[in-house]
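Shared between the two complexes below is chain A, which pairs with chain B and chain C, respectively.
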Partner chain A sequence: MSVSAPPIPAAPVPDGADRWRRINLVAGLAVGLSLTILLTGQGFALLGARIVLLAGLITLAASLLRGRAHKFFSGPSAYVATASLFVLVVLAIFASEISPQNPYDLRQLDIMDGRLPPGSTTFDGSMTYHLGTDEQGRDILSGILYGLRVSLSVSIFATLAAMAIGVVVGIYAAWAGGRTDTILMRIVDFQLSFPSILVALMLMAAFGRGLDKIVIALIIVQWAYYARTVRGTALSEARKEYIDAARGLGLPDWRIVFGHLLPNCIPPLIVISTVQVANTIVLESSLSFLGVGVPITQPSLGLLISNGYGYMLSGQYWMSMYPGVALLAIVASINMVGDRLRDTLNPRLQK
Partner chain B sequence: MSVLDVRDLQTHFFTEAGVVKAVDGVSFSLNEGEVLGLVGESGSGKSVTGFSILRLVDQPGRVVGGQINFRGQDLAGLSDRDMRGLRGNKIAMIFQDPMMTLNPVLRIETQMVEAVRAHERVSPAAARDRAIKALAKVGIPSPEERLAAYPHQFSGGMRQRVAIAIALLNGPDLIVADEPTTALDVTIQSQILAEVQELARETGTALIWITHDLAVVAGLADKISVMYAGRIVETGPTDAVLAAPGHPYTEGLLGSIPGHGRRGERLTQIPGMAPNMARLPDGCAFAPRCTRASDACRAEAPAITEIGPGRALRCVHPSLPAEIAQ
Partner chain C sequence: MLVFLLRRLTQSVFVLIAMMVVVFFGVYMIGNPVDILISPDATPAEIDETMARFGFDQPVYIQFLKFVGNALQGDLGRSFVHGESAVSLILSYMPATLELALLGLIFSIAIGVPLGVYAGYKADRWQGRAIMTGSIFGFSLPNFWVGMLLILIFAVELQWLPSTGRGDTVEVLGLRLSIFTADGFQHMILPALTLALYKASLVTRLARAGTQEALMQDYVKFARAKGLSETRILVVHVLKNIMIPIITVLGLELGSMIAFAVVTETVFAWPGMGKLLIDSILTLDRPVIVAYLMMTVIIFIVINLIVDLVYTLLDPRVRVKGSTA
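And now, the complex of A and B:
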């Protein structure tokens, strides 16, 4: 080179980036695998898979916040929300180990212990019902832990699936443009013009109860949000010069869309998906409360609230209230974490 | 041997305000290792000419006429698939803003390896090697380490070097550079110009350098084509055109460069603004801004006429040195 290169300021070369990418991949695979094991079959008894799941989730969260931790934990609310979310997730994952009773094992139940107030003990004094029991003698605390698991897994799964569908539809609409874009977005507009609870109610009335059915209903209700968001981001990103440059490199369209466009649309997605998980939990609970959600054999928090609702006026508040508090805690902590994530990951605020 | 031969290229934009003839009958040819400077104001059609060669003109624009022969092959007749095979492979493009042309969320390595592997079946390791060589060639120190970096970790000049390295990856026969140094500091600009010139000479790559800056082209290009309102108004060897501009527009452009007058002397400027491309005046498009315009200019657009070896003009009243005028 005839011209001597100017001195380069030593830029931080991310030598750890490669390692983190591999770690992310492994953690993601581990989470996916353990979730599949747990959600299919009776695998909820598999302790190993659950430990792997928790480890994987922690790793993914750590890599998401890598280098931004100080920004994320900028106030006491962030610590509180993260801690309570962490505790609730651990409780949900290890519900069967932690809870004092398996509320769905009929051999462990005693109908004589029905509707005991918080702090009561069994007849022989072997166990204390810290949060009382419901009308069938099930420990409310155990019910909440199991219900938390159902609520969380249903809404996380539904959110991920809805996101996948919405992302593909939205990015395709933005890329194809013209009539395809118009048709797809009018479908989205049509879908979003109905209150989601109404659509979900109609769907559940048609489908009947069941975990798989409520997941499908939640996906149908929610994909449109992602489609609209992703289309908006993709439209503005697709006009940027790096997309032209990628076309100038002779890359095929699908590589440009999924390799170059999609990664640039991710940050807003992370944010709305965390907020959307909380919305999904609320929606699922509402449906279950209304009696069209999860089956009675696998109650979620909403169904627990609904079960105890009839006894509220007779002063037996604990059957409904404690599941309600748990619901409040999980929704509030997810929302607060999502809020912090938005501030942390928002590219417009990044300098 | 001629690498690129553009004949009567016409690219029109079909807008609601009417048909905009962004490129209207542009012709030029380019040999191996030759550098063509395509000069003009904003909106003169120089960038669209570059995009037309790569067939990257977006809707509502369309190449409506003319031929683009690349190594004897008319690009207009190629299928999309074949054209994609040429793009980034035999014909590369460098864009204006180095801040925007690299994907911000992908590492340099990912982008470079992808560019290699889009056109050739090579192992990722081999593609990586080639990327390292290309980065070294454009003067990026410790390329192995820099491969792992993201675009935002580079300065503007470094980023443009990376963009040039990506363009060089597959050993193209032709590089279309669309104002690649406009967004850079003058010092970085001259470094990059020197490097590009040397690379073109070394590898025999033909280069189309699109710019509005005659000073940039002066030191770099072998020949110049000055564009105005979608047409080439003057073309010729760089030295000849700069020493004795024939077209009043070229004269005006040269006159607006500061530095050759004395301190305190007023810079000359071209009066008026670039015309509305949807409603061009009859006759010569430059006539409303031209000091030498006559009724003949306003009546009929002048045809391009050869006035010397490789030199052509599109003007009724050219200012020519005596030996050519005779």
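And now, the complex of A and C:
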């Protein structure tokens, strides 16, 4: 047998990876675009944007589980968690279409309907309050749907932004090394030595309440986790051959970092960020419960619970109990999906 | 060892200085404290007078130096609301929080260790899986929501336990404590349980992992060969070996217990440091907020220092690295 020249690489096995990459890109763009439309309230097709958003999210989730769905759905708890997460996300996205009342619109509220138990009808009998009303006559069900939207969007946005900052800092620290690395990681260690709820509480005490402020506080609280995780991944990835190969090709640093290192540092973050969204929801609702979170005009689930809390001791449980159940459902289902994702995507368990 | 200790101490001092800067500029510089101190219809002369009295008319760096100087003497200002020194105010609220956190730790061990050992013993059976799924709920349940549920069940529906306040207290070694009176202990059960639940699921996971590992060790095989009962192996041999890491981790978590107590104390109207902090934030009582922050930072620095020292004493590898580096 003679040593021949290395064989010309055959065409890559058509496993659809390329097609999925394109689909991912389109879905991601669709999600981003529809979110922009929804958040700015611009444009006429809000319902359309919501449908596009949902479709985009489903596509992204499907591409994440592509080829591993069998492994992910092992056992009943995975089905239950995925189904309930799906339902809750749909409810949050279409809150304004589904909910029987707009809880922010004061004209729709009637103080005569205040503190009605579940199942009562309005003063004029036109609508049923399936989960009762709060002290201002707001329908609890509608409040929950809108609150779910606030809780979810605040947490997801804060988590994504914190992840972006963490990734940049982590990769920069790993790539720069030396003194920069030491200083950045000292800051990270310093921040992580304090419990996040305490840091967030302090920030909110300094900022005052507000949607933008709580998002900023949640970002500041979280970025350090990602920075540390990404730095670890980046350090081990940077030693691998493909980085040497890229160097050998004479690529500039920024191309190596953004084109080669960065994409390989992202996958471990997917699981972390899923669980982190749940933690952020809990943190946000705790802050809102303490009265330093979202403003009264845009209640999240935590604030709804806090509003009804005063009436609970007198037996009017529905005002804080049902928002509490919704909070529990969303947090538990995200955590369970995250747990399954960890088992499914963990690179150490693959192969 | 001494070098290591000195290095750590200098680091702590730097952290403290950094925190002072952050706290001062964070809390004192945002917004104008005069707005809170003076009624809106005060005359300009009155405003100037108050500004001068609190030193707000001076340049920022002088205010900061004054703040640092006073802080070094243990003076972090007077509470606007209580009219007392902020530090002594917090110190008077501290015993309530500490006893709550301590009872919480004890509860979390009492709940978590048996569940975890059992889950580790039956790791692949439904019992083990059920406990692990349950511990996810322990992680996911927000602290205040657990407290609310407990109040609804045990205080409102069953009326077994009181839901708010501290109950009777008794003076022990100069501290007012609830834990030693029957009424006070009843008041503590629900808040301590609430505080314990999150840590209990952490302990469950630790104990499960420890048990699974310990069951594969030779000493367990040997104990089985001797014909000891499974219960005895688990309770005597396994438990003894998994407790050390669990206690260490929980010691670390004492600080975060104190932080989480903020939420629990608010739910149960427990008059501790956390409740004081929330009330101070809502009434914009800045000296108390600052004092709470500085004292918590000191508590955390001390805890971290102790943990590092304990690790150094227990683990020779850390010692070598620490003293040569």
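Side notes on the structure shown:
Just so it is clear, the second predicted complex is superposed on the first by the 333 of 351 C-alpha atoms of A that agree within 3 Å, B and C clash if a C-alpha of one lies under 4 Å from a C-alpha of the other, contacts with A are read in each partner's own complex, and residues count from 1 in each chain.
In this text, a residue touches a chain if its C-beta (ideal position, glycine included) is under 8 Å from a C-beta of that chain, and two chains touch if they have at least 3 such contacts.
All values derive from a computational prediction rather than experimental measurement.
Applying the stated contact rule after C-alpha superposition, one finds that A:L290 touches chain C and leaves chain B untouched.
With both structures placed on the common chain, the touch criterion links A:L249 to chain B but leaves chain C unconnected. Look at A:Y309: by the touch rule set out above, it reaches chain C but stays clear of chain B. When the shared chain is aligned, chain C comes close enough to touch A:Y317, but chain B does not.
Shared-chain residue A:I272: touches no atom of chain B or chain C.
Looking at the shared chain after the overlay, A:M202 reaches chain C, while chain B stays out of its contact range. Touch criterion met: A:S193 reaches chain C, while chain B stays clear of it. Comparing which residues of chain A touch chain B with which touch chain C, the overlap is empty. Listing the residues of chain C that touch chain A in their complex gives 15, 18, 26-27, 30-31, 133, 136-137, 139-145, 148-149, 151-152, 155-156, 163, 255-256, 259-260, 262-263, 266-267, 277-278, 281-282, 289, 293, 296-297, 300, 304.
Taken together, the chain A residues at the contact with chain C in this complex read 77, 190, 193-195, 197-198, 201-202, 204-208, 278, 282, 285-286, 289-292, 302, 305, 309, 312-313, 315, 317, 320-321, 324, 327-328, 331-332, 335-336, 339. Those residues of chain B lying in contact with chain A across their complex are 54, 56, 84-89, 92-93, 95-97, 100-107, 114-115, 118-119, 137, 139-141, 145-146, 148-150, 153-155, 157-158, 163, 166, 188, 191, 194-195, 198. Interface residues of chain A facing chain B in the complex, by the touch rule stated above, are 1-3, 5-6, 8-9, 11-15, 17-18, 240-242, 244-252, 255, 259-260, 263-264, 266.
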